[in-house]
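The same chain A turns up in both complexes below, where it pairs with chain B and then with chain C.
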Partner chain A sequence: MNHFTFSWGSNYIAVRGLLRALGHELATPPRIGPAIAERGTELAHPFLCFSGKLVLGQLAAQLERGDRRLAFMSSLGPEACRCADTSDYLRSLFADCDGFTAHRIGGGGFGDALSNLRSHFGFRVRRRDCFRAYAVFFGKVDLLHKVDKRCTALRCLSSTPERVRELEREALDLVDRSAGPFALWRTSRWFDREAAGLPLRPEPPSLRIGVVGGEHILSELDSIMAVVKGVAERGILLDWRSGFRLLARTSEERLAPLKEKCRPYLHSAPSTSEIFSCAHATDFIDEGYDGILHVYAFGCMPQTALKPVLQRVAQDASVPLLSLSIGDRFAEEGLENRLEAFIDLLEARKSKGATK
Partner chain B sequence: MKRRVWIGIDVGSITSKVVAIDERERMLASTYERTRGRVVESVKDSLRKAVGALVGHAVAGCGTTGSARKLVGALVDADVVKNEITAHARACLSLHPDARTILEIGGEDSKIIILRDGVPVDFAMNTVCAAGTGAFLDQLATRLGVPVERLGDLAAASTRDVAIAGRCTVFAESDIIFKQQTGHRIEDIVAGACRSLVRNYLNDVGKGKAIEPPVLFLGGVAANRGIEAAFEEALGVPVTVPEHYNVMGAFGAALVAKETVVSATKMRSLDEIRSSDFRAETFTCPHCPNACEIVRFVESGSPVATLGGRCERWTAEATRASVPVHGTESTPT
Partner chain C sequence: MVVVRRAAARVGVPRSILHYEFDGAIARFLEALGIDVVLSPPTNREIFLAGKHVVIDELCFPIKIFVGHVAYLATLNVDRIVVPVVVGHVNDRVFPCHPRCRLADIVRALGLCDETRLLSPAFRFDAGGLCAEGFHELARSLDFSEKESHRALPTPQTRDSRPVVPSAPHAGPSVGIVGRPYVVKDAWANNHLAQRLESLGCRVLTEDGVQPIGYSPEGTGLHFDLAARTLVLAGLWDRDPEIAGIVFLLPFNCGPDGDIARHLQRTVDTPMLTLVLDELQSSAGLVTRLEAFVDLLEREPVATRGRSR
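Take a look at the complex of A and B:
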């Protein structure tokens, strides 16, 4: 029986790695389209957000084709994340579907993760299996972030952007096929070597845009982030920074200076991703970047809450900011429209010498 | 010798606008018409009216803007395809160089552009909701059984404040029904709806933006004096509706074309456009789980351009012209 997961808030490559490490396989999800959106809208509570409706529509389609075992990663941090454990709700929503199980397989710590995995797979999951599966999952997520961010910048910096696209594809494929921590380490080394060997363009980028957020927008081949990445091939540097490393829990010592930097803006108890995004935005401003691009998954509560914060950061420094909510396969036209206008704006400012 | 003109075409969700400008950036002709879902026919018709009537002129360049800018760009072989934010900013800075804020409300989208010292420095567009757009007014007019063009006059005749929930068109409609049932005058309901649209706009699109005078108000909705008055009341500053408020996007596209096209235009002749059987078709690419929605433009039975794929699979198929994107000038042929 196939296991399956959501296409939103999860990453197939990483989740597939986790399941394979435990000897299971992940079903390929159905395509999201108008029929799935309609189905989700029928099923969902009217107040549920659109992305939530898409998830439910996709889930219903997967149940209709016979998949029964839903396993999903979700956050359990201090932030107001909507994708926290919804398994009880899902089980009640699909209570009449024989054999349906839904479990959150992420955890707030090792004990929690082991307990969640055992709920899903049964008590045969050993501690060392759990440790290995999560090492693979987090290793893949971290490596995907590295590939994503490095290739985004290289699309501008390299004189062979088509080779960068190829490298990105090869890297994602290799990450998908890397079965354990050692294989991932080798893939990471291979990627570093290949990326370092790419020829660079002699001329500097025409614009430098700092990208923050996007921790939950993980690499998928030709995902909607490709629209954003495509901007880099116009000679514009997209420097996408993220200190959000899942493998290594962020220490308080590391967070303290970042929190201090963000203190004028982040007043409440912010999540790690908010602290990093805000700190990176201030870094980009200090380093004289032409603009800040804030990308976040549609409906991501912590990043939505961060939007007005970044607006204040940017306004105080008179640096243009564009916040882009990245939906799932929808509204590419609107995304292109805003990006194009943002770049026009930055170019006009630069040509007038208004950039700091 | 024929005098040169530059054409700007702005096709949005509801209306099509065409403008022709001369060497001195004066507007020689303009049209503003409802598209009624027939983009190709509407553009052909508007071009015939605006450009066909100009005797002794030769087209030197063409720019397109609006949500259908790529489709129209492929239809006419435009020299430049530009987003509507840049086009509106360019037009306003030409006619009102001291403007500091542009409010624009169209059929299904709305935007704000902040200008400082003749340069756009910030902008925002509405997100996933059309509550603060012309669609809201269309729905209101239908509900009240009055032509949408009369809403401004009705709002001006209001004598009492009536609060309408404007956060969402669905809630607004039920609120309007309730207000009708409880005996409020149509004039007061319309004025209340105008205020709620403005409130929604300022809380969504305008949130956190440094709105400073001079403020210009553009787009089809600017014809509604009730909205203009509601903006003035909410902002506490005068709001100016410029003379060409409803064709500023097309005007901006023409200006951008004039600045960009340095050699011969590649725009097709009006006869070619008129006789073209150009059409758009849409299909879902079956080759990977992305399921990209591909828009293919077909003419004389052959694909001439494609849009929408995240890889290069369908681009090579187009034979006549690729759609110029991101406002770059295509190489003249």
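Take a look at the complex of A and C:
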């Protein structure tokens, strides 16, 4: 029987790569949309973050189509939020669903990851199987991140945005089909060549906006971030440095310079999401970006706690900040209106010479 | 820069969140150092509004109250205000929720007072309560020596050794209140729940009425410390034949407690009433719900209910 999972954007492709390396298959999760959001909202407690509701909606839709074996990546360390409690929570939520099993794969280190894989697939998983599966997983995570970022930039810089969308679809499909590290390397080379061959607009981007926020929402592609990234096609360069890749590769060594960057605003408390967002916001300001866009799910504890801090960061630097809290009743039209108003403001400031 | 003269130092401590959570350990430590401690008054509407007006709407109800206490202290003649950073359990497996972790950052970002007036030592906790390093850091920042700090430290016995408070005589059912200590113990935040239940003839028990369950009970497997405590306490009372009902206090937009709310409803056999606490507290609505709950408990005595645990 196929496994299934929930997915932040296209990260299911990496999880599928890991499972395929072990000889298993993963079903493609349904696209995030109003029906999924509605189903999640029905299932969840109102105080669960909107990202959590999307997850529950996606899981419920897959359970309804008959999938039963859930395998998911989540963190247990200080960077975790509710996802740390996910296994028990999901088991109790879907207890009435016959045959439902939930297994966390992944872990804080190699030993932990191997033990979690064995708890799900049995002791026939050897150390070298685990090593290869994770090599594929991280290879795909890195490549998916590259494709996502490069294609968003190209939607602003290229004169053929429709060709960029096509390239992105082809690249995701190829990453999904690449079975091992060598195939991934070849896919990466192919993508670089194709991206470099796209025609560029003659004029530079009219604005540069740095995007920070909850990694889960930033990685979502089908509705919220589709609207946000659509801004790029108006000749606005969007950049973000958070996302699933950073979460998957979090370590104290990687966090240390970011923590240092945040020192004027954040004390050294455990957690990762706030540190990423705050450090990246200060980076964007230092690099002369015209504005900061803060996107987070309503009920997201780390990002809600960070919001007053980001307001202070933006105020100290006199850089406009728009915080978009995405909740159960979000409407794409409302989102577009707020983004347009923000862009108008940034353009007016730029025309007056208020930004670098 | 505020210059603190040790002998004359007046230090403000917000009577909220960490004060209730750790039974006033920080205020007691400062008093033992000989500091003139100014504890903010019990929460009232003015204090809450002072916080609500400056904090973003989406933050949870207790954070708004906490910020109100800091705002109140900032208007007083105090040299420093303690807003600690709570880092997590020493085992690195159990953590406070993010807004509680970030209290000091939120207060600093809001600019309620000169940053140099804020004292933000980092505390870890273990099964017995706050660990010594945080207290030493606090003492150092007030220019006390290590020796003086050691002398003033709360002993392991006083870190979590509240005397078990016997409850008043009663005629009605026994009701246990579970939830975050800072909403259970803050009478304004919980709309005087204990008093209201007692007036309906109930015997009211809180965590203070049982043997300490310690910080971050790990058997639950939960990530968040206080949600784990709530789960343990609810389980304890669920197995206690004396307890007729449980009231679960759930502050508005509290993520960890929201996550366990449905789990508690599924796993606890004892009748349970979940009260969501927010700034729009209506006494009339609350009293009606409490009366209905107590009525239910009186009609269905403990002995007639099936208990699976």
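Definition applied: the second predicted complex is superposed on the first by the 248 of 356 C-alpha atoms of A that agree within 3 Å, B and C clash if a C-alpha of one lies under 4 Å from a C-alpha of the other, contacts with A are read in each partner's own complex, and residues count from 1 in each chain.
Methods note: a contact is a pair of C-beta atoms (placed from the backbone, for glycine too) under 8 Å apart; a residue touches a chain by one contact, two chains touch by 3 or more.
Only a predicted model underlies this, so the values are computations on that prediction, with no experimental measurement involved.
Trainee: I'd like to know which partner A:48 touches here: chain B for first, chain C for second, both or neither.
Mentor: second
Trainee: Taking the superposition on A as described, I'd like to know which of chain B and chain C A:292 touches: first, second, both or neither.
Mentor: Once the two structures are laid over each other on A, A:292 reaches no partner at all.
Trainee: Under the stated touch criterion, which partner chain does A:304 make contact with: chain B (first), chain C (second), both, or neither?
Mentor: second
Trainee: Which holds for A:93: it touches chain B only (first), chain C only (second), both, or neither?
Mentor: Only chain C; A:93 stays clear of chain B.
Trainee: Counting only touches as set out at the top, which of chain B and chain C does A:265 meet: first, second, both, neither?
Mentor: Only chain C is touched by A:265; chain B is not.
Trainee: Does the superposition put A:195 against chain B (first), chain C (second), both, or neither?
Mentor: After superposing on A, A:195 lies clear of both chain B and chain C.
Trainee: Would you sort A:156 into first (chain B), second (chain C), both or neither based on which partner it touches?
Mentor: In the superposed model, A:156 contacts neither chain B nor chain C.
Trainee: In the superposed arrangement, does A:343 touch chain B (first), chain C (second), both or neither?
Mentor: first
Trainee: On the A-aligned overlay, A:171 touches which partner chain: chain B = first, chain C = second, or both, or neither?
Mentor: Neither: A:171 stays clear of chain B and chain C.
Trainee: Let me check the overlay on chain A: which residues of chain A are in contact with chain B and also with chain C?
Mentor: Common to the two interfaces on chain A: residues 308, 311-312, 325.
Trainee: What residues of chain A sit close enough to touch chain C in their complex?
Mentor: Residue list for chain A touching chain C: 45-49, 76-78, 80-82, 84-85, 88-89, 92-93, 95, 265-271, 274, 298-299, 301-302, 304-309, 311-312, 325.
Trainee: Show me the residue ranges of chain C that touch chain A in the complex, using the header's touch definition.
Mentor: Those residues of chain C that touch chain A are 55-56, 58-59, 85-88, 92-93, 95, 97-99, 101-102, 104-106, 108-111, 120, 122, 221-224, 250, 252-259, 261-263, 266-267.
Trainee: If we count contacts the way the header does, which residues on chain B are in touch with chain A in the complex?
Mentor: 67, 82-86, 116-123, 125, 127-128, 207-208, 210, 284, 288-292, 308, 310-311, 325-327
Trainee: List the residues on chain A that touch chain B in their complex, please.
Mentor: Going by the criterion above, the answer is residues 28-29, 31-33, 50, 221-224, 226-227, 234, 308, 311-312, 315, 318, 320-321, 325, 329, 331-334, 336-338, 340-345, 348-349, 352, 354.
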